[in-house]
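See the structures that follow.
Both complexes shown next keep chain A, but they swap its partner, so chain B is in the first and chain C is in the second.
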Partner chain A sequence: MSTAADIHLAPARTRWQQLWHDYSRNRVSVWALGFCGLLLLAALSCAWLAPQNPYDLAVIDMFDSRLPPGSRNPQGMTYWLGTDGQGRDMLSAMLYGLRLSLFVGAVSGALGIGLGVSLGLIAAYWGGWVDTVIMRVVDFMLGFPTILIALILLSLLGQGVDKVIFALMMVQWAYFARAVRSTALSERNKEYVEAAISLGLSKLRIVFGHILPNCMPSILVIATVQIAHAISTEATLSFLGLGLPITEPSLGLLIANGFAFLLSGLYWVSVFPGLLLLVTIFCINLVGDRLRDILNPRSQRTP
Partner chain B sequence: MSPNPPLLRIRDLRTHFPTPEGVFKAVDGVDLQVEAGQVLVLVGESGSGKSMTGFSVLGLIEPPGRIVSGSIQYKGQELIGMPESQLRALRGRDIAMVFQDPMMTLNPVLRIDTQMIEALQAHETMSHAQALARSHDALERVGMTSVAERLKAYPHELSGGMRQRVAIAISLLHRPALLIADEPTTALDVTIQSQIIFEMQKLCAQNGTALVWITHDLGLADAMGDSVCVMYGGRIVESGPVREVLSAPAHPYTRGLMDSLPSRNVRGQRLQQIAGMPPSALNRGQDCAFAPRCPQADRACQISPAATALSATRSVRCHHAFTKVSP
Partner chain C sequence: MGDTWHRAVEMPVHQCAILRANGYFLNMLVFVIRRLLQSGLVLWAVSMVVFLGIYAIGNPVDILLPDDSNGAERDAAMRALGLDQPLWTQYGLFVWKALHGDLGFSFVYNIASIDLIFSRMPATLELAFCALLIAVALGIPLGLWAGLKPASRVDNWIVTGSILGFSLPGFWQGLMLIMIFSVSLGWLPSNGRGELGTVFGIQTSLATWDGIRHLLLPALNLSLFKLSLIIRLTRAGVRETMPLDFIKFARAKGLSGQRIVGVHVLKNILVPIITVVGMELGSVIAFATVTETIFAWPGMGKLIIDSINKLDRPVVVAYLMVVTLMFIVINLVVDLFQAALDPRVRIKGLSK
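On to the complex of A and B.
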């Protein structure tokens, strides 16, 4: 039993410490995670960071519209990234937009995880017709393009943050259900599940108390990828005009607003929100890729 | 029928697994009986159906496998066909199980205290603090040191022997009337093995827990059992009190096992072994499963022998019981 001895002699780390140890061996991923944290912080504190409140119509002056980056207004305020078609400070609008985009992405992701993980676990553990019904619905959902389902839902529901979140949840849960089901299927055949049954624990307890924690690594990986996906889908929907209302611009809506000016050389209205969206999604994806590398037992553990 | 039914009484149990190649008859007509407080050793080689017999008692047979027929009575209550909720109430509280591999049976992501408290609260209403105190006691009783620290540990931080002690402590939390131990020492090294066997014997004796010890090691039966059942090919070929069976084995298979024990062999000579391979449990026919490897086999063995009582406590399934061929 050399393995047992080795395991015992290794310094005891909690799973999270081990996770960080493995994760931090790649510097780019650490930077990406740091950047994600920075973006999150900036989005959360946008009310203090932003030079202007882009939702407050009283402080917005139509005469300041479409000013290039670096211009100053009569009140002595500098528009570092220029202004948009309504005279809003781009930097402020982007910070507020980032907050909204991250919020929509995270909340719809969390709801999608909740629904998808529950259904995936139930399908895997109960099996039989329950499994068949759930997985056929999943197949049906995954058979349609994400954006198409979201568009259909939004055209039925109308506009609003809550409706966008609902639509994004509906297009995401199936991915989680399928991923969790396959992990849970291999987990339920492990001996600890048999041991838990032999202790007289209830089915729900075994599924959510014993199998779910063992599925967390794969949930974590798909969650990061899906949140990035949700943010980009929301941007797409807003760009198409079916997402968030124009009074509360997200990054996607800011890009759409500037799109009309792009050919007239007013690049900043579209390009800066676009870059921010790109960096955000890129960083989240880098984190997700690294998590997949270290948590997937089949992939090589490279430094 | 006696007024006091035995603790566990299995009659003609058949647990089969349908496969694309045919029916896999893992357990094919097992009869056994365990009295309260008794230690029964169930001996057999890999694939003889001994673990599946244990699993059947707790209703742990996974589909597509199922108990095809037979009866398993616990204190006179029929377990086969019992509603899942009633069975769950018995599991862990009245009948508990210790599994083979302690690396696998504890949940790797939950701390020891979480798992013990959960096992306690599954059957008794008690506060977290009470459950923690009970868990602490239970670990001390299985000979763990620095218990408070161990309770906070994750399974991977404990050695194999310690993990099996934890598993045993969990199985005995509710002082079950019956404990099924499925080769609990096979995955451990020899020094830990004897410690674990000693602890389990002591604890079962203290609690009055009857023990069904599943093993492939006939030597263990000698050391700890009251009675022994020898399994071969999904059936019990010989059963009876340990002393009687080991001093005068009736079935040729038991004799073969005894002869192949290292202690019975002469130093420097090759160990004796039973010729041939264990039979496949797939599409088993009507003949005696041991016939192809048996030195005494003849035409009579084409029909599987019924269990014959040799005394009130002993029985054997062989047409040629006690007959020895001279080599």
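On to the complex of A and C.
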């Protein structure tokens, strides 16, 4: 026998608790998320973790260049993952590179979300010619592959962290705009929006205060996938010599530097940064896949 | 897909009747005209962006003239290149010349940039087609295998492999292929096109054994991402088709499993796969830049990267315009193909 009192006693879960509850059912996804957190932590604390500051030319010795993993230098320091062509400790360079890669991915992702979500909401709520114009531009952007748009932008803009972030933002926003528009269109006709309108709230407040929170699940899914994609694209662009300048080695640039040594058998200079990049992207993709599974309204179970 | 379907369902009844009465050809004609107009608009927009972008980066005279040239020489050069004209006149001239196939001369090679692009195009197309061929030839059987045995060990391996294929950064995977097959095992060469042979008047690597050996690694590298995509598509298609009534009916009629899969299932999943393969051709050509750079494959992609690094602007502009045009043509052909096969696409085109 259950009474009304019993029902109230059942612990009420917030939206985030419910999300975690659903997410944590799959063990692989939990590991992937934990790994993502670990990588983020390692990247943020690279100044303390790294045995050497790869930007500090005073501590780098050319005599230590191209040492295999596990070698020691005269000062007694061990290069666990070897050194590169300039005698930099690979482990340190990779940690700093990871920080830069994650930074570029996260910032460009955040800017892409900001632009895409705003335009998507505007298109959905205002409709009419505003909608048509925005969605035509979105179709245009999605018709070309990411790498080509980034290539065009960077060949026009030149190198630099800010330019890469701008280019990555430009290739990402359209995905958010399209997803948010379609979610917002179905939300617009719901009763709570009608209620908000009848209360006399302003358009801006309805759109950003009431409709936006309900678009969050789809934004979250796309954001995870897009950040993985942005990190990979940045690495590719840097590898091609169009992304970040040589003074700021991201993972992609480290791999590119190792390319020259690969043919002479010095595998570690490009294999280890590549593995780190692969693990990062793979983990983020696994998290994204899981989020898609649980947040997809079509696959949601009835409570 | 869902969107298309809804539009078709929500269409007013009288409009449906008109469509039916006027039939297929008028329908297709309107669709083709609409798409052609759209394509023209896209090409115009790209030409604007590229032109304004190039204009914004700076004055080419600064690169062309020696450092010690004086103001008068500078002005003369500006006049000779038409850079003293107002922006709109310059743009008009750019479009006019482009329409006549003149996109300027390469600063580095000193030949017409458009000719340079076309001379490198066959190598890129060869690579792209071989990559797609590998992706389709391996992807469809693997996808069928995984889809027919859902949740089996084979299925799990193939699906995990395809997620890994999505995550592998294309350039790093290329380096690993070189490291394994060229450096460690020494089986395959890692750069260039190898010996070229002539088949039907076309120079191709496929004509000689040496050429094929050179082609193998780059084509494999370019195909891996698409392979993952085709595996996923095929697998999803098979799993959607297998529980349908017509398959049950075919079984009940006593058709062999081979015939059901090989004819009835395959026919149903092939249309979306062909569409995606067509659309991916463009992206394969764009991604070939990465593969060509790694394997020193002398195609358009390597040319554009070299040109960007050498500030060879006319070649960059010509590449962008040519690739955009290729994209537009590919998308158009795929859309028409789809419209010819799927009436819902045509209706969507009309009802807007």
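Some notes on this structure:
Convention: the second predicted complex is superposed on the first by the 288 of 303 C-alpha atoms of A that agree within 3 Å, B and C clash if a C-alpha of one lies under 4 Å from a C-alpha of the other, contacts with A are read in each partner's own complex, and residues count from 1 in each chain.
One rule holds for everything that comes next: a contact is a pair of C-beta atoms (placed from the backbone, for glycine too) under 8 Å apart; a residue touches a chain by one contact, two chains touch by 3 or more.
Note that this is a predicted model, so its numbers are computed, not measured.
Among chain B and chain C, the chain that touches a larger number of residues in chain A is C. Once the two complexes are overlaid on the shared chain, A:44 sits clear of chain B and of chain C alike.
Considering their complex, residues 3, 42, 45, 49-50, 53-54, 56-57, 163-164, 166-172, 175-176, 178-179, 182-183, 190, 282-283, 286-287, 289-290, 293-294, 304-305, 308-309, 316, 320, 323-324, 327, 331 of chain C touch chain A. Residues of chain B that touch chain A in their complex: 58, 60, 62-63, 88-93, 96-97, 99, 101, 103-110, 118-119, 122-123, 153-154, 156-160, 167, 170, 187-189. Remark: chain A residues 140, 143-145, 147-148, 151-152, 154-156, 158, 182, 228, 232, 235-236, 239-242, 252, 255, 258-259, 262-263, 265, 267, 270-271, 274, 277-278, 281-282, 285-286, 289 touch chain C in the complex.
By the touch rule above, chain A contacts chain B in their complex via residues 1, 4-5, 7-8, 12, 14-15, 127, 189-192, 194-202, 205, 209-210, 213-214, 216.
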